[in-house]
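Encoded as structure tokens, here's the structure I'll be asking about.
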Amino acid sequence: MELNGVTIDDTYAEAFPTWVARPIITAVTEEWAYKAAVEAVGFATSTIGCPAEAGIDCFVSPEETPDGRPGYAVLICASKKKLKEQVVERLAECVLTAPTTAVFDGLSDVVANVEEKIPVKLHFFGDGFEEKREVGGRTVWAIPIMEGEYIGEEEFGAVKGVAGGNFFVMGETQMSALMGAQAAVDAISGVCGAITPFPGGIVASGSKVGSRKYKFMGASTNEAYCPTLKGRVEGSKVPDGVRAVYEIVIDGVDEDTVSAAMADGIRAATRVPGVKQISAGNFGGSLGPFRFDLRNVLKDYL
Amino acid sequence: MELNGVTIDDTYAEAFPTWVARPIITAVTEEWAYKAAVEAVGFATSTIGCPAEAGIDCFVSPEETPDGRPGYAVLICASKKKLKEQVVERLAECVLTAPTTAVFDGLSDVVANVEEKIPVKLHFFGDGFEEKREVGGRTVWAIPIMEGEYIGEEEFGAVKGVAGGNFFVMGETQMSALMGAQAAVDAISGVCGAITPFPGGIVASGSKVGSRKYKFMGASTNEAYCPTLKGRVEGSKVPDGVRAVYEIVIDGVDEDTVSAAMADGIRAATRVPGVKQISAGNFGGSLGPFRFDLRNVLKDYL
Amino acid sequence: MELNGVTIDDTYAEAFPTWVARPIITAVTEEWAYKAAVEAVGFATSTIGCPAEAGIDCFVSPEETPDGRPGYAVLICASKKKLKEQVVERLAECVLTAPTTAVFDGLSDVVANVEEKIPVKLHFFGDGFEEKREVGGRTVWAIPIMEGEYIGEEEFGAVKGVAGGNFFVMGETQMSALMGAQAAVDAISGVCGAITPFPGGIVASGSKVGSRKYKFMGASTNEAYCPTLKGRVEGSKVPDGVRAVYEIVIDGVDEDTVSAAMADGIRAATRVPGVKQISAGNFGGSLGPFRFDLRNVLKDYL
Amino acid sequence: MELNGVTIDDTYAEAFPTWVARPIITAVTEEWAYKAAVEAVGFATSTIGCPAEAGIDCFVSPEETPDGRPGYAVLICASKKKLKEQVVERLAECVLTAPTTAVFDGLSDVVANVEEKIPVKLHFFGDGFEEKREVGGRTVWAIPIMEGEYIGEEEFGAVKGVAGGNFFVMGETQMSALMGAQAAVDAISGVCGAITPFPGGIVASGSKVGSRKYKFMGASTNEAYCPTLKGRVEGSKVPDGVRAVYEIVIDGVDEDTVSAAMADGIRAATRVPGVKQISAGNFGGSLGPFRFDLRNVLKDYL
């Protein structure tokens, strides 16, 4: 298959379930909302070593937020067991502490049927001085703080979504692959309900499950896709003429959203000069139940 | 006391020990180094609820880095017990995974006697394909990855530093206090060896130890400094005419550095119109052994 | 009148005609499109001393651009006589020279009836090596350049629009007024077809026509709105308790768009703590034929 | 010659004289100083079609500015005849109008003997309400404006400097060349007294003097360096394996500074994967009297 002159492998991305929450963080200006959001979704690339996977989902305009101020929706993804703790701690430490912020639940903006509600009792921070109020039709707590008052909802929807949606961007040079990956991340940022949780949205060091040599490692370098090992390992999957491979990992609220994000990302990457091939990562079904065939994901464009 | 027409309380900031590491993250351009650094220091405002306190320390020019590329030094602060795990996980998940990065130890650039070394064995990720090499006089591991090769040192200095250095910026309006706090953060960013770990560098909701009402809370709102409670609590410390208080929290590699950061930050804040008073937070010695008297911190300027 | 507790003066903004073009600048990533756009709209706050008024209008997603890449639409505003020269020079010097850019006409995306077409013959730069081509249904010139190839349309729509739409944000402190102005600029950035051409979108030094004292000056400080002159000039219009006034100036493709931008901007400013009053600038009809009554502009919200 | 494995052509950059001013723009925070600086140096890539060449030179810390606030130094370059007008208009329209700014002369920070002084009489804007004052040892005018007060020096040093210092970054792919150019621009931003005036610092469409085919064109595409014309023009200078060429143009206060900027820029570019060759542009002495031999510029590193 080809798209914009770039080879598309006839393969699929394998993904697995995760639980997802979607708080909206508002503030006095876009910039202050953004700063809080960045802190709240940091150290959250992969649940292999981070306490959650998280990222900024999309900008929410004043017309769309309960308090009429600009905001950013973020996705926080973790196992059902850990999600509550992660939502609580990230809101308590990174948003309640941030200048001028308020927080509202934003999951129902992108999910029709919100399955669960997570209670997030930040109002105890008010030490008895807190009070219930209504803002934009939402019941919130107003907590007296040193800057004035923090406003926050305390129930956040949670839904069983998809983690690990992915594709590979392969380039003639490392910089071609990198800019292809960047173009993909730019495009995916326009898809509400999906994030690319890695640094700048991009994975430079995609992994395989386990390790051949070091049995204590849960994951290790995916040598089949390492360009510098092309002549040295059997079964290298690095095409001739490719000198770098970046992986874009996508978490989203459901399969359709992840598929749309993959389509937009791949299309954008194929428009970057020097991007040669697109592929995707799978482990024969051992990783998870979701399967995104590139042929299907791109069916409207091929 | 007064500085630039702003009242300086004759009080002190109380602070406590922490362990500190200082990796330098380099990349192909400043922007890519910055993206990795931002991810690596996220979700790291306060060890009350975050796994570490961390922040970007300063830009390191190509002339100063071992590989001749631009970089950012970050500080990662935690208890001695948790520091190793935090350095390992933040480098493994947020830097090894980031495009074009390399990592070097940068603690000796700001600390004369580095007390301890933390081993960070990321090279196992190479699954046997990794190899030792020398870059700019440093022994590093080169790990084959999908983008090409990751270069990293595997021993990081650690030093017993200072956490919780602080001061309060009090303003006639919330926005005056906020911009005063922002000016302070800007100024402190120029002090190498010190960070302001909260979102955007600023704390909107400073806390007291424990809670009057909810015994299960380890910290709660510092009602004495809450402007909206001024008439409602006894012993309010909100001066007349002050409508918002922001706290700047500073972690640093030693007392002198934290003191210098406080001085630069306070001076900057006093130049912002509408900033009325500067104070600092202390708990009568119950929090920790370090004491930063504002009178002493600012002795060159008062 | 009041909106969100802020006094709205029962007055109007006076504005005047300008000619407007709206090129869309695309590039390999959002960032590179943005860099070119920033250069192209610089030194363009007021035609009093700048060769044009210009600004970034809005982001244009890959789905909406002719070449499927991300882009930014910009507005360039000048007299009919000067507009062609300004569009030519700003595209020739700031976009044709910028990495990976292409340019397309974007006026018909926001204006139903495009009145005029400006020819922009950049293809002569190709020195005979240029060739006509079609991209996304548009006839463009492909010009061989050192980075590869520049793609550009050469006819740009022009329409008689509105310059100088405006309102004043008055604050209890300078920082309250500034953040109110920033919130307004943020909100207006979401209105396609309108820009705020001053630095960061904000005017710190609003002017009156002419000068009392220096006859050679075409414009001078608007002393009636200068807080530091409140006790020293007759007829000061600075309300009690106001210590700073910022003006937001808006240029747009038509009256409805400027009115919508004013409404969104004013609403956003009134949500910022310490913003006390909103007014607007007019000169009794001597400046221009357009009149935006705040009462009318805000009729849906008052 | 080779540097970091990249071929360095044994050629030279040819450059010509320009007059240079260096205002420092300070503001309440770094961000607001930056916004004003960006507007002031826009539409200023090449005096072929822009009224000046200009760019942000470097950040100036609060310790180094006369008013103790953060600032950015900018360079404004033009013919002696046009420089005064450009400094006046860019300060009047883009800095006096910008929130919280003040302006000071910064040329003597980077030039030992300042040859000339440009008078910039913005104080007439004060309409008689302005007054002289002293700030940080400088005589300034304080002008009452709507936000409060503008502070500015009114004499700016000017020096005969160098325009058109340059080098070419040639890459295996367009994205390799682009990132090489970006790395160069990053490095040059650390050299005080030198700017890269093109969009993002980079020229995508380097030109030759005049045109073969269109006699009315003063400059046209440099076909010898156009990769897509390699097989079609005689005397192509595009090396085999090169698919894109970017030019970095440097203006500076003197020859040594431009040479240092070239050295730092070239070194940085050679560290980017896929950068294959470095060259420079010259016209046999017809453009100007300055000559920067790459062999000499890089003598400490080759």
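Each chain carries a letter (A, B, C and D) given by its place in the written order, and its residues are counted from 1.
Everything that follows uses one rule, which is that a residue touches a chain if its C-beta (ideal position, glycine included) is under 8 Å from a C-beta of that chain, and two chains touch if they have at least 3 such contacts.
This structure is a prediction, so every number in the text was calculated from the model and none was measured.
The chains that touch both chain C and chain D are A, B. For the pairs A-B and A-D, the larger set of C-beta contacts lies at A-B. Relative to the C-alpha centre of chain B, the farthest chain centre belongs to C. Annotation: the chain B:chain D pair of sequence copies touches via predominantly the same residues, more than half of the used numbers being shared.
Chain A and chain D, compared by their mean Cα positions, are separated by 39 Å.
In whole angstrom, the spacing between the mean C-alpha positions of chain B and chain D is 34. Each chain gets one centre point, the mean of its Cα atoms, and the points for chain A and chain B are 26 Å apart. Residue positions of chain C touching 2 or more other chains: 28, 148, 174-175, 178-179, 243, 272-273.
On the chain D side of its complex with chain A, the touching residues are 171-176, 178-180, 272-274. On chain B, the positions that touch chain A within their shared complex are 28, 32, 35-36, 38-46, 48-51, 89-90, 92-101, 124-129, 143-150, 168, 174-175, 177-178, 181, 198-200, 202-207, 211-214, 216-217, 219-223, 225-229, 232-233, 243-247.
Within the complex, the chain C residues that touch chain A are 28-31, 61-62, 67-70, 148, 179, 182-183, 186-187, 190, 264, 267-268, 271-273.
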